[in-house]
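Lettered A, B, C and D in written order, each chain numbered from 1.
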């Protein structure tokens, strides 16, 4: 189950209010189904990390740091570097009584981030290997959920991608002449470089199924009403790097289970559901294959455009940081924080 | 008689709410819950080579109890004290699904108390019976030996787990195809060689085949005190090969270990004493020394374990 | 423009300035030096006005027979002060006896005085403290144990609502029977929202609530917004905005419960009783009210019927969703104050 | 530190290094010349554990999974009141299931598998019919011969059916791997992929592996409960893999229904 310990308790009438609002195309905060909130991006916040970024969406506040060090390659893949992803929740953002629940929710998000950035193969791990079988780069991606206001997975993916753009690792000199070969680190940080092609990294876009329609960038209350979600990670060029279904907060509630007991035939939906897209049927928490295919292409398009917008924002951040070089630390932060508007995907998707 | 319940209490209900009375009530008719006599044991079934990812494997079934044993071989440098001896390391895993309580007794990932005791006892039985000559596991003396990890997974539990685990362990050892490992003394590295096509894999020679038989002691039913002395309940009952239900009501559960027709390794009681290698006669000689329960270790048990061992031998020789 | 609606201010009369000493760190040092010389203050004391911000440990005034020190103030006894290392004392040129002659604040907040009672009102209350008679909105956390519900009131601990203090759906106030106790979950179950009045506050600061009349009860079809409790103006708590400025005409009324525990309930008012189907325009009007309340809260402005209306008016040219952008919210709030 | 709860070897050991099983490549084709769309033969037996409410054993050429289901019964976890039931999935991989011995104890993969199995099964169950209660699902992976997650899901859904737990539908899982035609140098030739359904271990370890996809499908409801992909591909190829998985689910569904009705 995805992050239930982060979701609020709702009454059934609040649930119904949200479901009807989503069906009629006006969400509780006035957004349409495919309107996302602004994203505020900052990079280079943690001097002790090799790369870092912070993403704020509403009150969702994600801080990601990437540390790099030299280590041993794994036995299975001796010619590859290693990337470890870890997501943690600060204790104050969860309402879980049992911290294990929050831990397992964070772990689920960690698996998702691993799949997006590592298992998808969009980072060439072989480039991170220095001496096969003995020395490689180890990247530790640590994401911290400082505030939760919905849409954590997408926000973390945003932050990780931005942190990669900020990542600088020192150059190394490999002495193959000696036995065993040795690695020497070039301490001059001016020659440090980014080993990852950030433009090829994906961003995720999660389509949340609330009632019979899909929406993006949910609030916690909307996540609690979602019966499921489809997370699609895609690069700016439109390659799909991960498709994964996530459980929504309503997957275990009787309302959704009872809905299956009384299947509503297509086309005979009630007035409140008239605005729902025609692909949806009443569901127990699963998704219709047709809507998955539809949402896959919609989400890919959106993720593509968001990735391009983020690239643009990162460019502005980089320009700002070169301009403000040498300025005070706080000014540095202010200059580097860039908001970019990701709202109104309605035009791109035609929904 | 005092074993009277309301008519609403069906035998099935009685089994759940008063297991001891249920067994006592049945005992009055000289029969057990599954229709066996007190001294009858369930048949043992053993299948070898059931898991192909393990170098040796076996599945043993006693009644509703099912265990799967798998052996994986790893290599390491031997102890200085025994440079030519490898190791067999048995561990019992009682899976959460094996019985209705197993999943709740042990936090996931940790062996339950019962599994720890069984692992220890199984290790004792295998070691003391001398069933495997550890020098067969030597690759290069003083440099490299094989360690056989014998993991015994209980997937369904209905009593007699030690017996089933021992049978599966012996079966997996019998089935074990030793990997063809060569040790290069110049580089100090061991490497696995592909077996030549058609060649028979090297197998372990088992010096003895140990087999055990569990028994449970059900105390004389207090509710039946004053019954005729010829009643089966006037004395403590000895149940051979108890089921999980019977184990729950038994005050003592033990097992007898046999190595041959008249060779006994010993027996254990719930407290876990292993009485050293002795013959059946010797076992019975311990009796006057105050082991009251030993008087119950009658010929039926001795015959039973011999019969079960014979069954095991037969199944092993089928391979 | 009535600025006091937007600016949190103490509700009490100005202080008698003469009896107050204001001593910031630097001033105190100078003063203490003076006192050491003359064995007592001779100059006229620095005055503090009511609603002045003070920090913990700050001196409010000298101990004075005419003053009683109330909540969040303290006189540090001499024996406690004597544990301060002598170095500090000599540096400050003050003896314990001298220091123990001041009333000090124990919180950061504003000074308040009613007659001779001197108190400090904490400036931020992250949690609701409770006050008998307050209108609050709460959420059911658990049913039981016993004939009561455990409720979340945004307070320091969960509150309680007894079965005997609710009105049953038929609206009658009667003795609740065993049957009612068995059916408690049919009245209120986990997650349900209600409005109620604070009945009493226990010694352990546990708040119990009751339904005093038909106005209170279960809430349905709306949105809950959490704001810091101190920002809610104590005035008329049940309000309705017949037509939200900046929304379409005749989009419909929006009911707002400005609950004093900071759980503000915003619900579009059904056209007919029991109707739960709202037009998109009506939902947008409610969303605008929500956005206005969030904007007010994020700028630490008092939330009242009037301030909400003002923000809604000022935001007419923006969509409700865009009010979540900090720069637009700031612009709208500035406009509303003007 | 020595583990006192288990019996440990007195010496440090490593698995012997040598020639493991040869992985399949795009050139070599599938193991044993299997057809790209062919599912391995299934052996499914229910009620293998009479102690459990329902149980099943699923074997697919080198993948062996046993699942026992208990309940609905009182949950052993402390949890707030719910008006629906819950399921509790535990996965245990036996130490001898893989190529190398797995160190005993809880490992991270088992936890992740359990979470995915839970997500796959939840929509197939009528949780509202057993409020406050829990259905405990214990899965033991005896042997991992590839496609272990779909095997665990299929085994669990069969065990749930045999336990008589109220269900909306069977949740049937199937996975595919996509193998890039061995012309990596050209790069432009990305459309050349072949989809192998129900891969075995050698096929999952293929050096030409471009991606994989797992889909859990409920045929009667016409709904997908779990879908996970790895690797990167254009949307058209992802959609193609998705449809291939759905077709695989349908054929597996037929077989599993046959097994269940035969045993019943």
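By our rule, contacts are C-beta pairs under 8 Å (C-beta built on N, C-alpha and C of every residue); 3 or more make two chains touch, one makes a residue touch a chain.
All values derive from a computational prediction rather than experimental measurement.
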Open item on the list: Once the contact rule is applied, which chains count as partners of both subunit A and subunit B?
Closed with: D
- [ ] For the chain pair with the highest number of C-beta contact pairs, give its two chain identifiers.
- [x] B-D
TODO: Take the average of all CA coordinates in subunit B, do the same for subunit D, and state the distance between these two points in whole angstrom.
DONE: 32
Open item on the list: Can you compute the centre-to-centre distance for subunit C and subunit D, using the mean CA position of each chain? Integer Å is fine.
Closed with: 54
Task: subunit A and subunit C: spacing of chain centres that average the CA atoms, whole Å - done: 37
Task: Centroid distance [mean C-alpha coordinates] between subunit D and subunit A, Å - done: 26
Task: Set of subunit A residues in contact with two or more other chains - done: none
Open item on the list: If a residue has to touch 2 or more other chains to count, which residues of subunit D qualify?
Closed with: 83
Open item on the list: Which pairs of chains touch each other in this structure?
Closed with: A-C, A-D, B-D, C-D
- [ ] Quick one: which bits of subunit C touch subunit A in the complex? Just the residue numbers, please.
- [x] 139-141, 190-193, 218-224, 276-280, 283-284, 286-288, 290-291, 319-321, 323-325
Task: Complex contacts: residues of subunit C adjacent to subunit D - done: 142-143, 189-190
TODO: Under the touch definition given earlier, write down the residues of subunit D that touch subunit C in their complex.
DONE: 80-81, 83
TODO: Would you tell me which residues of subunit D are touching subunit A in their complex?
DONE: 78, 82-84, 86, 111-112, 115, 118-119, 122-124, 126-128, 131, 168, 211, 213, 217-218, 221-235, 238-239, 242, 246
Task: Residues on subunit A engaged by subunit C in the complex (per definition of touch) - done: 9-14, 16-17, 20-21, 24-32, 35, 37-38, 58, 221, 271-272, 339, 343
